[in-house]
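The chains carry the letters A, B, C, D, E and F, assigned in the order they are written, with residues numbered from 1 in each.
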Amino acid sequence: MVKVKNFRGGVHPEYNKHITGDKPIKVLPAPNEVVIPLAQHAGAPAEPLVTKGDSVLVGQEIGRSAGTISAAVHASVSGTVVAVEPRQSINGREVLSVVIENDGQDAKVPMAGHPDPIQLSSGEIRQRIEAAGIVGLGGAAFPTAAKVNPPQGCKIEYLLINGSECEPYLTADQKLMEEYTEDVILGAKLLAKACGAEKIIIAVEANKPEALRKMRALAGSNAIEVVALVVKYPAGGEKQLIKAVLNREVPEHGLPAQCGVLVNNVGTAWAVAKACKHGQPLIERVITVTGDGIKEPANYLVRIGTPFRDIIDAAGGFAGEPGKVIAGGPMMGLAQFDLNVPIVKGVAGILVLSNKVTKEFDPMPCIKCARCVDVCPVYLMPVTIEKFAMNAMWDEAEDYGAMDCIECGCCTYICPSKRALLSWIRLAKTEIAELQRRQTS
Amino acid sequence: MEYLLLFIGTVIVNNFVLVQFLGICPFLGVSKQVSTSVGMGIATTFVMVMAALASWLIEHFILVPLDLVYLRTLSFILVIAALVQLVEMFLHKSIPGLYRAMGIFLPLITTNCAVLGLSLNAVLRSYNLGESLVYGFGAGVGFTLALILMAGIREELEFADIPKPLKGAAIALITAGLLSLAFSGFAGMI
Amino acid sequence: MNKMIKDFLRGLWDEHPTFRIMIGMCPTLAVTTSAINGMGMAIATTFVLICSSLLISMLKKVIPGGVRIPAYIIVIATFVTTVDYLMQAYTPDLHEALGVFIPLIVVNCIILGRAEAYASKMPVIWSAFDALGMGLGFTWGLTLIGSIRELLGSGTIFGFSVAPDGFTPFAILTSPPGAFITLGVLLALMNIISDKIAQRTRANQQKTAS
Amino acid sequence: MYNSLVALASMGGLGIVLSVGLVIAAKKFAVQVDERIEEIEIALPGVNCGACGFAGCRSLAEAIAEGKAPVNGCPVGGIDVASKIAEIMGTASGNAPERKVAQVLCKGGCAEATQRAEYDGPNDCRIMNIIQGGDKGCTYGCLGGGTCVEVCPFNAMYMNENGLPVVIEEKCTGCGKCVEACPRDIIILVGEEYGVHIRCRSFAPGKEVRQVCKVGCIACRRCEKECPYDAITVTNNLAQIDYDKCTVCRKCVAVCPVHTIEEQEGKPEIKAKKAG
Amino acid sequence: MNESAKMIVVLTIIAMISGLLLAQVYHLTYDRIQLGKAQALRGSILAALPGAVDFRVIEAHPVGGLEDDRSTLRSKPGSDSDPLLLFQGLDENGDPVGFAYVCEGVGYGGIIKIMVGVNHTSELISGVAILEHVETPNIGSLIENESFRNQFVGKGTADPIALGQDIDRITGATVSSRAVTEAVNRDLSNALQAYKEAITNE
Amino acid sequence: MEDSRLVLSPSPHIRDEDTTEKIMLTVVAALVPVWAAATYFFGFNSVRLVLVSILVAVGSEALFLAIRRKPITIWDGSALVTGMLLGLSLPPSLPTWMAILGSFIAIVIGKQVFGGLGANPFNPALVGRAVLVASFTSQMTTWTMPFTDAVTSATPLVSGQVSYAELFFGTVPGSLGETSALAILLGGVFLFYRGVLDYRIPVGFLGTVAVLSFVFGQDVAYQLLSGSLLFGAVFMATDMVTSPITPVGRWIFGIGCGLVLVLIRFWGSLPEGLTYSILLMNAFTPLINRWTRPRIYGQGVKQA
């Protein structure tokens, strides 16, 4: 038994990966209409390149990257632009989006592939990543082009490929690793070349033996190390992954690059491989549709911009009355109230929980059991920050490291008194950020 | 060794605040925040050592030789008051940093009965100079300890849903009572 | 005349030194192990309070502002020492029971506080009434605390055994923790009472208003 | 007799030494400070008992002078001292400013506004606002979490049955805590004499407002036209009152088709302004 | 007169008057206080020495000093300068009945001062009186009870007094009763020796 | 389907199954062997005192909350635990009315005046016990031999001369729950297995006592097994509300308890310092929390 890589803190929720773990990835037909928000990534929203009435082709750039931290947006279907207007997005806000009516032709813009992409120079790879509008597919959706271009003075030693997928229920990355093993490994090598990393390590949670086996089989010949990670949430958190695999820590308020590491999701690697091999921009991704509120849970390859409603319908619709529809996993996903919101680049799944799972949690007084302190993967004292936040003591909350919170939700998950710790910490973060903004201005 | 025992005895066994009831007013008044109570505690300790020294000198060079023991209370309190005021003025002018950290507590200490109590007790127990100084230092540390413990608890209680009639001084007194109860385990130790 | 009565009554409830303003806590806690000790302490304090208030009120024109605190302290300390010696001579037992807390009357905030806040600004006769009110307030407060602690903690009151046979005294009340807790609970009760009074007066006001 | 003389002499000596020392020290170590602090300190009892929670009377005096403590911060001094300090502070800070009270600019409670989801989380508007922008159909209106009521230090607000906060104007001190806390910025401080308010903060177009709220401003501009003093302007789909111009004439109240504009009883028209 | 001078003069005058006043008070009450103290001391000495009607003070210098005692927190008399005071009890005829000495123990609340009387001939304890204590009323203070104190009568140096065997522990006041027992026990032989030396030297 | 509104809530959307009630009931379950042993040794007295303590604790909690017009939260089990702990720490021969008084004080003065569950700075059961000891010292320090009503006046800690086996199984005089080390360890292991007990406090506590006993030439096993140390270290010191929340803090707390206990046992004048050692460390808890904040991830890491 190889020792699995561990880190301090974290929780063991019910994983429920068996629901879709053995379901192969199905390709979901492009919907009649896609809604493509121009802000799907961290950083500045893309600038629209099309107007109402324009006709577009699959892969055509419809939003131009608007700065260093930004990403291009592409049409995922061919057809006519019916609107460029604010539409409801998964974060509950209205976001400027391009709505395209699918003409069913699936006519693609010419895409320049490369038969042996590994021959590309690192500059060329970076260029292709940027052109393809690739962002981190793990959830944060940080523009990959910016990421692989580390700041001055940072030497990247390791490229970590994050295949841990620690969110319960979700199996998209797992299936990707099992079915597109080669492309993922190619993507990893391309990314390593792009950022100049010396060594590639692929980390997979130990509860995905099939993915581990397939990865190991291919990695060996490519001088890539594959490590088994402890089965624990949030093993896939960037900082936790680095700590577990390399026993290094990212400096506070710093970037992984500052400790010589770059972390990329397997989905990102796959997207990079496709961009370099086929010249295909990021217009589709693998997602998991699951939960006890879904009739036929499955893994799908879907076009970016497909409305939730279409995907849920494809998965057989709701089983009974739905309680919550969540974009992402149960720990960090965002609850949705509008089924017309589209799948964006950073969404790894749709989780539908029935009313009985989403029963109300009545907070009781804190009994200071300190479980939240024990499970916090960034070693905060959530209960203390919560206390300060509830009393609007923002300075104290900041002093206790509120801004270091990664919002993984472990504290709230574990709390026996069912207190909404994360919500209050999140509030503290917003308030502190607001105060800081006011101070600097 | 004797000095050490005297020190420990004064700090925990016969804690000025919790066992001897000296300095209760500032104990209840200034124990709302840990940071403040640390400053107050240090300032008090400083004054206590000075007072122990001054009162010993007065007792042995003025009151006893001149047979004026009846002026003890009067002369002690006067000297303490003057001393505190002088130190405060000196700090305010000369070391403003220290004044802000500690000097602002000084006026409060004049009427701290722990200081006068200390001077009187040291004389009544016929301590020699060394013992008086240790006694003064121990009393100050004991006062500081009680103050900081109390402040720690009270800061927590700020967040608690305390019944309305008990808010403020009442709950502080009950907390002090329980604190005193905890300290009573040392009773009779030294 | 009205003002004098008001000044007098103020110390008994509205600005009660123990239950309202919370000053002079050291003797309040330390010597109230029995009713007689509490009362003795309070009377001694009252005596000093009245005398020094009178004297300071008389001297207020003479004493320059810069040395007023040292001057007041001297006046107070003189009376305290007098009381100390008188008690030692005539009530040696009580003197022993109160111990170091008699000289500590000097630093009792009630006295210096009234001297500063009232006697140094007001005419002599008003100061006397104010001091008397404060002193009596202090007296009933300390006597009450002393009685409660003595009754429950020893089963006696003013030294007379009043408890039935087989009464097991609740001895913690005579110890330091008991002092704190008793006063804390009493304070809470006072708060409840004055809340009730305030509610009633407000209700009455509304009734008369409507 | 001899002993008495010794006592006399030694106390005299002590008195001289101490007073000379103090006088010299007072001169030598004199520090320039805010005069008000001096005055307040003299007004305070000077007992340094610590009952106020500050480190002595001087600290309290400084805190009062800086506005960090109330004028009645001294529990020992009572009303006399408080009024004296108020005088000192008053003379320095000039005339009292006009009294402002909080006004809630949203009428869309449970009965009038739609919900777009069932909210299940901490009952705090600021948190609701972070979580997907809250459960309310209108993204500008009151979230009904009662955070303003919670933060009010004077118990001057309460939530009515319709899920909207109500200001008890007699208790309101205009401290602005609720204004700060409201994530939707629907609470403003207005001079207490103004009795007409447009209770909506939605910048959405009229059509959208109608979908989510029965009493939201639809930017029909009738009030703007009606106002004889040009106190109302409609910008960004929302009618807003310029209180400096408003005379509380109440003409706008009647014309509003959705009853967004509300008048308060007991606040008469301001004649003086009309003349000027 | 300028302000500073006025301050100095006023304060000095007040201080002087106060000093004068207190001197008078002191002298007025002096006799009575001394009388009270003497009476109290006499009472406790006579209580510790049954049969005595008067006493005289002997200054003794115990050889090697009394055992250094951590509990009283200060060096014991024993150095040449500090004599140990022994009170010799005398009967009607002026013959010695025994002697008494003061010892201290630390109880629950603080120092307990005890007067121990020793019979002249038998050299056994003839009585014990509690001079000062600050024990908890009704628990520790029971050491003042006659039933507790009388247990010491007849005990001597030959047989170290042990709590629980010779002396019954006061229930609930182990600390106080132990403090008394230990204090009595500790100094007994030294005091006895000092007494013997003192009277032979005379 | 269109009509039903979806639920909007902050993440995380799933919660652990453990609840406060479950934690409290786990502690109760862990106390069952202790109570059983007490009943075996001391018979009816054990049932009488513990039952009375529990009833009064729950009853006074309900009463106090009713007076405050707050929701009656007696079903969270915290008052049950307090009552049970207090009951088990009483000597078998104690009059019933004293148990009633102690339990009432534990809940009202020890807990409810501070605002109820989670707000009390001191362990309520220990507050109740300490008040009883201070008030009725003789009754609280009079123990009976197991299986008999014969009164012995001292704890084994003082009188000594009992075998390790007797100490381990509990056939010695003592308070109800504290005599049988076996039963206490059973309960402790169960608590640890259920994740309710943090090992740092008992290990730090007992370890400190063991080491110091060894250093001062005392019988280590005897010091560990006698008196109420084990019971206190497993059930009282580990009370979540009144012990520190930081990992380092819990070590400090445990070691501090041990130090104070040894100080009182070896040099103090009281026969047993357990109650005071824990109460004293309870007072330190807020300061320990404040001064043992864990190093935040990435804090102090040099930027490469």
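Definition applied: a contact is a pair of C-beta atoms (placed from the backbone, for glycine too) under 8 Å apart; a residue touches a chain by one contact, two chains touch by 3 or more.
The shown structure was predicted, so the numbers you read here are calculated from the model rather than taken from an experiment.
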Chain whose mean Cα position lies farthest from subunit E: A
Chain located farthest away, centre of subunit B as origin (C-alpha): A
Chain centre separation in whole Å, for subunit E relative to subunit A (CA means): 84
Subunit B and subunit F: spacing of chain centres that average the CA atoms, whole Å: 34
Length of the line joining the C-alpha centres of subunit A and subunit F, rounded to whole Å: 46
Averaged-CA centre spacing for the pair subunit E and subunit C, given as whole angstrom: 34
Multi-chain contact residues (two or more partners), subunit E: 4, 7, 11, 14-15, 18-19, 22-23, 25-26, 108, 139, 175, 179
Interface hub residues of subunit C, defined as touching at least two other chains: 22-23, 66-67, 69-70, 74, 77-78, 81, 85, 109, 112, 169, 171, 175, 177-178, 181, 188
Set of subunit A residues in contact with two or more other chains: 334-337, 358, 361, 420, 423, 426
Sites on subunit C touched by subunit B in the complex: 22-30, 69-70, 73-74, 77-78, 80-81, 84-85, 100, 103-104, 106-109, 112, 175-181, 183-185, 187-189, 191-192, 195
Interface residues, subunit B side, partner subunit E - complex: 2, 5-6, 9, 14, 70-71, 74, 78, 125-127, 131, 187-188, 190
Contact footprint of subunit D on subunit B as seen in their complex: 25-26, 28-30, 32, 36, 39-40, 62, 66-68, 70-71, 74-75, 78-79, 82, 85-86, 89-90, 92-94, 104-111
Complex contact set, residues of subunit C against subunit D: 10, 15, 20-23, 65-67, 69-70, 74, 109, 112-113, 116-117
Partner subunit D, residues of subunit E touching it in the complex: 4, 7-8, 11-16, 18-20, 22-24, 27
